[in-house]
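Here chain A shows up in two complexes: once beside chain B, once beside chain C.
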Partner chain A sequence: MTFNIHGGYLEAIVRGYRAGLLTAADYNNLCQCETLDDIKMHLSATEYGPYLQNEPSPLHTTTIVEKCTLKLVDEYKHMLCQATEPLSTFLEYITYGHMIDNVVLIVTGTLHERDVQELLEKCHPLGMFDSIATLAVAQNMRELYRLVLVDTPLAPYFSECITSEDLDDMNIEIMRNTLYKAYLEDFYKFCQKLGGATAEIMSDLLAFEADRRAVNITINSIGTELTRDDRRKLYSNFGLLYPYGHEELAVCEDIDQVRGVMEKYPPYQSIFSKLSYGESQMLDKAFYEEEVKRLCLAFEQQFHYGVFFAYMRLREQEIRNLMWISECVAQNQKSRVHDSVVFIF
Partner chain B sequence: MMEDQEEKGNAENGIGRQKQVKDEYLLQFLDSLDGYLTLLDSLSSTLSQGWLELASARHAMGASRINGALLDLKVHAAATSLKVSEQDVDSMESQPCFTLCKWASSDNGERSSGEEKSLSPQLRHRNNSQLSGIISSPVSFSHFFNFFLSCEEEKVSTRTGTPLILVDQQQRQKSLSVFGVLVSPKLRSAQLSFERALETLVEIANLHTTMLSMFEQVHKELENTNG
Partner chain C sequence: MAQNQRLTVVPTVTMLGVMKSRLVGATRGHALLKKKSDALTVQFRQILKNIVTTKESMGEVMKDSSFALIEAKYVAGENIKHIVLENVQNASIKVRSRQENIAGVKIPKFEYFTDGETKNDLTGLARGGQQVQQCRAAYVKAIELLVELASLQTSFLTLDEAIKTTNRRVNALENVVKPRLENTITYIKGELDELEREDFFRLKKIQGYKKREIERQLAASKQFVEEQFAEKVSLQKGISIKSAQNLLSAGEKDEDIIF
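Let's look at the complex of A and B:
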């Protein structure tokens, strides 16, 4: 009843932002473009127009993605500066995933002797924090934590991965996934504490995210040096697949075994039924389509924070769509454009 | 009279043999030209497939995980090298022969001899070429090319007894590890596509030298005929 006192204005704002998402007609026009300049021309009639209008030709796909991301960042910052507790904390939680990605990018790039400035340019703007450049001086995870991350929101997530081992590709990968697991679990607990419609809707969305991560970790680790135990440790401790699905996924050795596990769960049967046996190329698109369906459903209820999470994720999906369309146009592969575009409306 | 007829017969046989040799050179030239064009077609479609798979991997894993800023600038030996040797043709002239030496770096010095894959040209049967035009990629592939090399699955044991097929898989994963250990299958597919493209390039180079050599032979024969 009292939601609108503190959250009403921002809920109205985010619902207005949602109305600006690209429609199927917009995507049809974009998919027929011959060049990136054509894409820019079509986007100029959308809310992305002001962000792309001053970009000179020839355009690159990365430029289109950067400018579209800037729009998302501006909208997010507008909402964050207007938000009060606990909505402001909720909005900050949405960006921790990008923060983790940026930390891993800087650490990996430094390991490969890349220039820090070059790496900072590649970081996602939603995941930036003040001392991020200092990450380049750390030699192991203990130093990473002590020098930089202790003062960031990621600090609580480091307890499970603090070691004095030198950073290498495998340790970094385990660090990435361990941090993300801890973040998802923390976000989940926070939403449960909020209660009400927020807890109900966010539980479903975060559980789906946890399950999808488990499947991706399983498929990506097939044929690698990651042991079954290590794989199991990277799965989150919640979600539909927890705990029995995780036990079965941990021992999978190929995509068909993963399919066999997932088809026991009705919500994921429809996803895997779209794939042929032995094939995993379309799995990402199938998961994205399911995610978009659930995110759109979040807008059917009022007076909860799930709409903010849903909007951010839908915009990110839209940017992924634009990235894919741009790549297909730039590479003259328009016949493949529908392989990965997920329509939102 | 008999001697005249015999001489005439010998002369006709000689002309017939010359014509046969000329036709043979011409056929070899045309075959090598056909093979060259077929391989060019195959290369462009393999490269375009590789680029699309890379874009697909970027779409799945995110731009922060797949970008040029992650490539390794540490000093290390080349994963693969190209050996150029001279090959004698008809004991009269030599032509360059290109051989791909996969995983020839000291990082994997345990490989036994005979692993080099010689992609010497062969006469090609006329098959249907893959449908593809020449597709230019907007992104320079010199950055990414060196990181997507891998070996074919040759079942030759190394001195340690480890099957090369496993060594190849390990090296393949190692070259992709710049993007992380848990990478999407789409990135692995892109790696295989670029690997195939590299092999095709070496085949094209070898076929090109053969084609030029055949062309010179045909040209010589024509000059001899006209002279």
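Let's look at the complex of A and C:
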């Protein structure tokens, strides 16, 4: 019950932000727009107004997405400034995923001799950290780790899963996924340490994330040169599917087998029942829908940090929706708009 | 008209022969070029039809591939574009060009080939991998179509040039070279005829002179004979007409003779 001393203000702020998320009515309006200028007009009536006001037309879809992301970053920074321990660590954990993406991007770019400034511009703003520019200086992975990564919060993930010899040869995607696995496990442990409602809700959300990644990795590695052992190494050590589901997933060779495995777990059965046989395109959208449902449920309880995580994720989904709608409008494919928009409310 | 002038040549029989053979050559060349032009025009129309269909399907395919890109971005995150781009070392689809011969015109043709495997099968492993692969397939199709369209358009342009040149040559032969040659031939023939007529005329004139000469001589000799006869007669009579005449005519000279 002492939550409100340190976290009350920010929880209130975050719930305020949540109230500003676009509703179904907003999405319907946006779906009926004919041009990007219409979209801009509609968005200026929402919270995105001040960010899009100064954009000259012709407006580009990437600009819209950039500005919305900017808003998200501003809100995050605002919350981070006001936070104390352990909330500030929690908030930082939320962005480690993006940090991993940025690091991998810069590393691959440096490997292929691209310009550092260009690479920095392409990074996700939520994942920026101070020494990120120095990543480009290192000539090989060993130096990279020794000079730069050791000081960042990502250091433990690198040391756990990769010895310094591996860094040179390993496929970038495998590296990224191994890092992400370590990050998820770390986050999970941290939440367990926090205890209380936070632990409950975050475990549920993180378990869903881990399971979803496991399924995706399985499906996407069917037919590639990723061996079963490598696949198993990429599955996280928690979640509903651990450990038996992972065993079964590791031996799957096509989508129907995956479906067979997943249908044994009731929460995922409903997702897979929406897909007809052999089709997996809608799987991603189904996962997003399920995620949004769970994230909204997180707001039902009070006095826990899960609301922050849920809010960030919901915002990201909203930005995805906006991107989808603007691209459909820009490319004159209005009929496909409703294929992938996930309504939050 | 300046175009129908004739060539300045010496109007001899040899030149006439030369001109005639050139005219024959020009006629044959004209017929051949006309055939070539027709063949090229047929090919041209064919290519035009192909271009129209390809461009229409191009619109569709580009639309599909852009949309596939959006789907990939949606599922795998906005940065997927950058992730893929940074991971690429060199192009795996390349274009080769080779020459083809259509009705005598060398036309470049492009074909694409895959050079080296992309190691990027694992892109978007945790999310969006499928969409990324689909996007890749859509764009490969778009590239195929683009390469084909590029081939067609270059052939179109080259054929266009070739047809213009051939038609120019055909027209030149028809409207300039042949009339000129024909005029030259007519001129030479005319000159030759005139020369012949001149010769003829000269011959005739000379014959006339000769005839008159003969007649004059005949007349002169006749008179001489008559005078001779008259002299003889007068001498028989004791007078020399001639000398009497001479006396009379040459009187002033003699002093003794007063009258």
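In this text, the second predicted complex is superposed on the first by the 328 of 345 C-alpha atoms of A that agree within 3 Å, B and C clash if a C-alpha of one lies under 4 Å from a C-alpha of the other, contacts with A are read in each partner's own complex, and residues count from 1 in each chain.
The definition used in the following text is that a contact is a pair of C-beta atoms (placed from the backbone, for glycine too) under 8 Å apart; a residue touches a chain by one contact, two chains touch by 3 or more.
Here the structure is a predicted model, which means the values were calculated and not measured.
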item: Fit-or-clash call for chain B and chain C when the two complexes are aligned on chain A; value: clash
item: First, second, both or neither for A:Leu226, with chain B first and chain C second; value: both
item: Which of chain B and chain C A:Asn237 touches, first, second, both or neither; value: neither
item: Chain B versus chain C as contact partner of A:Arg336, first or second or both or neither; value: both
item: Partner chain in contact with A:Glu173 - chain B first, chain C second, else both or neither; value: both
item: Which of chain B and chain C A:His60 touches, first, second, both or neither; value: first
item: First (chain B), second (chain C), both or neither touched by A:Ser131; value: neither
item: First (chain B), second (chain C), both or neither touched by A:Arg213; value: second
item: Superposition clash, chain B against chain C - the stretch among 7-15, 115-123 or 169-177 that is involved; value: 169-177
item: Common interface residues of chain A - those touching chain B in one complex and chain C in the other; value: 65, 101, 104-105, 108-109, 112, 114, 119, 122-124, 172-173, 176-177, 216-217, 219-221, 224-226, 280-281, 284, 320, 323-324, 327-328, 331-333, 336, 340
item: For the chain B and chain A complex, residues of the former touching the latter; value: 48, 51-52, 55-56, 58-60, 62-65, 67, 69-74, 135, 137-138, 169, 173, 177-178, 180-186, 189
item: Touching residues (chain side chain A, partner chain B) in the complex; value: 60-62, 65, 101-102, 104-105, 108-109, 112-114, 118-119, 121-124, 169-170, 172-173, 176-177, 216-217, 219-221, 223-226, 280-281, 284, 320, 323-324, 327-328, 330-333, 336, 339-340
item: Partner chain C, residues of chain A touching it in the complex; value: 65, 69, 101, 104-105, 108-109, 112, 114, 119, 122-124, 171-174, 176-177, 180, 212-213, 216-217, 219-221, 224-226, 234, 280-281, 284, 320, 323-324, 327-328, 331-333, 336, 340
item: Chain C residues touching chain A - in the complex, by the definition given at the top; value: 63, 66-67, 70-71, 73-75, 77-79, 82-83, 86-89, 119, 121-131, 134
